Amino acid sequence: MKKPVILINFKAYDTSFGKKGIDIAKKIEKISLEYSTEIIISVPPTEIYRISNEVSIPVYAEHVDANPLGAHTGSVTPEMVKDAGAEGTLINHSERRIRIDEIAEILSRARKLNLDTVVCVDRNELVKAIGTLEPTSILIEPPELIGSGISVSKARPEVITNAVEQVKEFPKVLLIAGAGITNGEDVSTALKLGAAGIGVASAVMKAKEPCKVVEEFVKSSLGN
Amino acid sequence: MKKPVILINFKAYDTSFGKKGIDIAKKIEKISLEYSTEIIISVPPTEIYRISNEVSIPVYAEHVDANPLGAHTGSVTPEMVKDAGAEGTLINHSERRIRIDEIAEILSRARKLNLDTVVCVDRNELVKAIGTLEPTSILIEPPELIGSGISVSKARPEVITNAVEQVKEFPKVLLIAGAGITNGEDVSTALKLGAAGIGVASAVMKAKEPCKVVEEFVKSSLGN
Amino acid sequence: MKKPVILINFKAYDTSFGKKGIDIAKKIEKISLEYSTEIIISVPPTEIYRISNEVSIPVYAEHVDANPLGAHTGSVTPEMVKDAGAEGTLINHSERRIRIDEIAEILSRARKLNLDTVVCVDRNELVKAIGTLEPTSILIEPPELIGSGISVSKARPEVITNAVEQVKEFPKVLLIAGAGITNGEDVSTALKLGAAGIGVASAVMKAKEPCKVVEEFVKSSLGN
Amino acid sequence: MKKPVILINFKAYDTSFGKKGIDIAKKIEKISLEYSTEIIISVPPTEIYRISNEVSIPVYAEHVDANPLGAHTGSVTPEMVKDAGAEGTLINHSERRIRIDEIAEILSRARKLNLDTVVCVDRNELVKAIGTLEPTSILIEPPELIGSGISVSKARPEVITNAVEQVKEFPKVLLIAGAGITNGEDVSTALKLGAAGIGVASAVMKAKEPCKVVEEFVKSSLGN
């Protein structure tokens, strides 16, 4: 992951898969190339292979299961997403929470696979707890602001500054901020507060013109 | 689904994904073509697109989530697997059990998508309960025999005959038997007991020569 | 369970346990005795012993786990709630959904223990499915109306009439209606539509004068 | 909690509830009084009120749910177990794992209620993570040894020494060791390795003479 991190989570919107998913991925790639900046997209498991074969930007999984390979019908393991083309994975998103032993297990497996990890937390008390497990990054998102259009940067800046402060104990771990990020100002504020990047979903996936939104985010992240 | 149903569940074995997954899918396709018989494979979500583009046999999902499209990070919906190339899906496998309201929800969505459905149950009391929801098929598998090498056909034939009897109330629903199916005799016994087909996993996925095993199953299913 | 069934679910309100829980249970008992009608209360597991020792009305559990007795830390089994004084249990409430194999397992164990069972469903398609498992009763509750103050009787009477129609196939099974039941008219309408009784929670547990509400329900259920 | 901690988890054995549960609790109390040493018992939610009214030793819950008070059918909250007589609670036992946000939520509520907390972890990597959340104690139990009769003290002493080392960073947090503890030597070894106490279940609950086992544990913990 390169700073400033811009992570766009496709979730399960109707624009997240199939032709629409590829279309939006390509638009994001175009902006990434134009501004020579890294933009990461996390996509449904069914789309990892397809999208990672269509675009050059990093594709992440939205979730992986902790169970080992074997007789586990319906599971999506770190090994599978890596093989399908993912360079990283979200872990413990507030819409797909898992147990702490599963987080530890996945981080250990991901490390061996050289898979980047973004562990999501919903509160400041968990930043250190997850920090001790040394993921690539921690994404802090107050759940009540997710999809709200009210950004963490404006509504709860102390969440970011506190998390940034705590994560300093773990110099290799990046702190990303998310929830309600809607416009360029939300992005630049988050970065000014010390975040290494931002996470976003609905503002892009539900936008009439996703390109414009992403471009605004990128410009703001680059200080333009 | 065509009778006799042969359903090979890839699960999450190390042979289930990537090149190995495609390799085994192609071997199964070859036997399917050679014997002009339908063989269905259910594969991890990451593999649906890839494998369904490589083989002509029906590819199913191993599991789908019931949540609607929208802000649901990490979910695999019926719409996604259909778009990726799946013709059907397993539901409620003993290794991925879901709630009954989720089963009803998925069946309703799958019907609209023209996606075949295989609802797994672990006991005879549930055959009628699931029958009332009219899936394409019901796969009965006593969990204690799954992966055991001791087949339901031999160890608990009454499970099959009782399920076959109960499912008669729902003429459109096929009854498939599974758990511990290891050799051709297990297959032919299951069919003689009235099952419309068989489900299998470890006997194929962990075999040194999967082709031989699948060929034996197919021959037995065709009465050779 | 005796018709008309009046089932008051304590849930986890701050009035549901401790002294407040006993207080409200006693008030309900008083009305039950005054009108010589059965009123069932379902209470948290910590309260079953205490409340059932303080009142003579039937006390039910709100939920039981399906696992057998043994090394299962934190579970509440049918055997435990029976021993603690429960005469029945809710199963699969929309706030505590379980899998269908768990429902079947619990029903089987409850039958042996002579424990009444109220299986909750959220939609009409599930009435027959659960009916085949022969619980003592089925409580149908459209989840969107639970706690809304808009009653199923008024907003969606067809949910009740359809469920009543379907449950006729299972003559021993009682059909109870719930969700948003707020006043006496909601109760009498539900019964007129054919329900064997009603389920209620917030209208009583959050009431300033629970007695008045319960009394109104009882009067309406008795046709006064 | 007082050192050396002896924590006996009742789980859901047939000896854990009703008259048998009270009987075993009283036997444990007797030994506790005889040796003037604290012995903690964790019991099913249905038994907290009953057992805590019968014995003077500390009674803990085996699990609590993280949801707030309100419309949450079937839940057991910290407030309920406290009111019923519990002085503490197990959290995240390997037989009842929860999410890390739930652990944080429960710890915060338990602190306000003055309820002791024992957070269980299955591996050394999680000691620091949980330590940052400052529970009263951390119980480390390699799951493969639970109920095995092969003690962590003998089979994996490095698990204990490593955990003891890590927990030093959190001076208020006690480190308890568990899994397979069967005899007095297992207890004294665990304490010599630096554990503040031990956790045990099957060795007592499935014993023909629980008294003897508990007495042996207590003697060993006191260095006799």
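By written order: A, B, C and D. Residues from 1 in each chain.
Just so we're on the same page, a residue touches a chain if its C-beta (ideal position, glycine included) is under 8 Å from a C-beta of that chain, and two chains touch if they have at least 3 such contacts.
These figures come from a predicted structure and were not determined experimentally.
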Same-residue or different-residue interface between chain A and chain B, half as cut-off: same
Inter-chain centre distance, chain A versus chain B - centres from mean C-alpha coordinates, in Å: 34
Gap in Å, rounded to a whole number, between the CA centres of chain D and chain B: 43
Overlap residues in chain C, where contacts from two or more other chains coincide: none
Chain contact topology (line, ring, star, complete or other): ring
Every chain pair in contact, whichever chains are involved: A-B, A-D, B-C, C-D
Chain A contact footprint on chain D (complex, rising order): 92, 97-101, 103-104, 108, 121-123, 125-126, 128-130, 132-133
In the complex, chain B residues that touch chain A: 9, 11-14, 16-18, 42, 44-50, 61-63, 67, 69-77, 79-81, 83-84, 90, 93-96, 146-147, 201-202
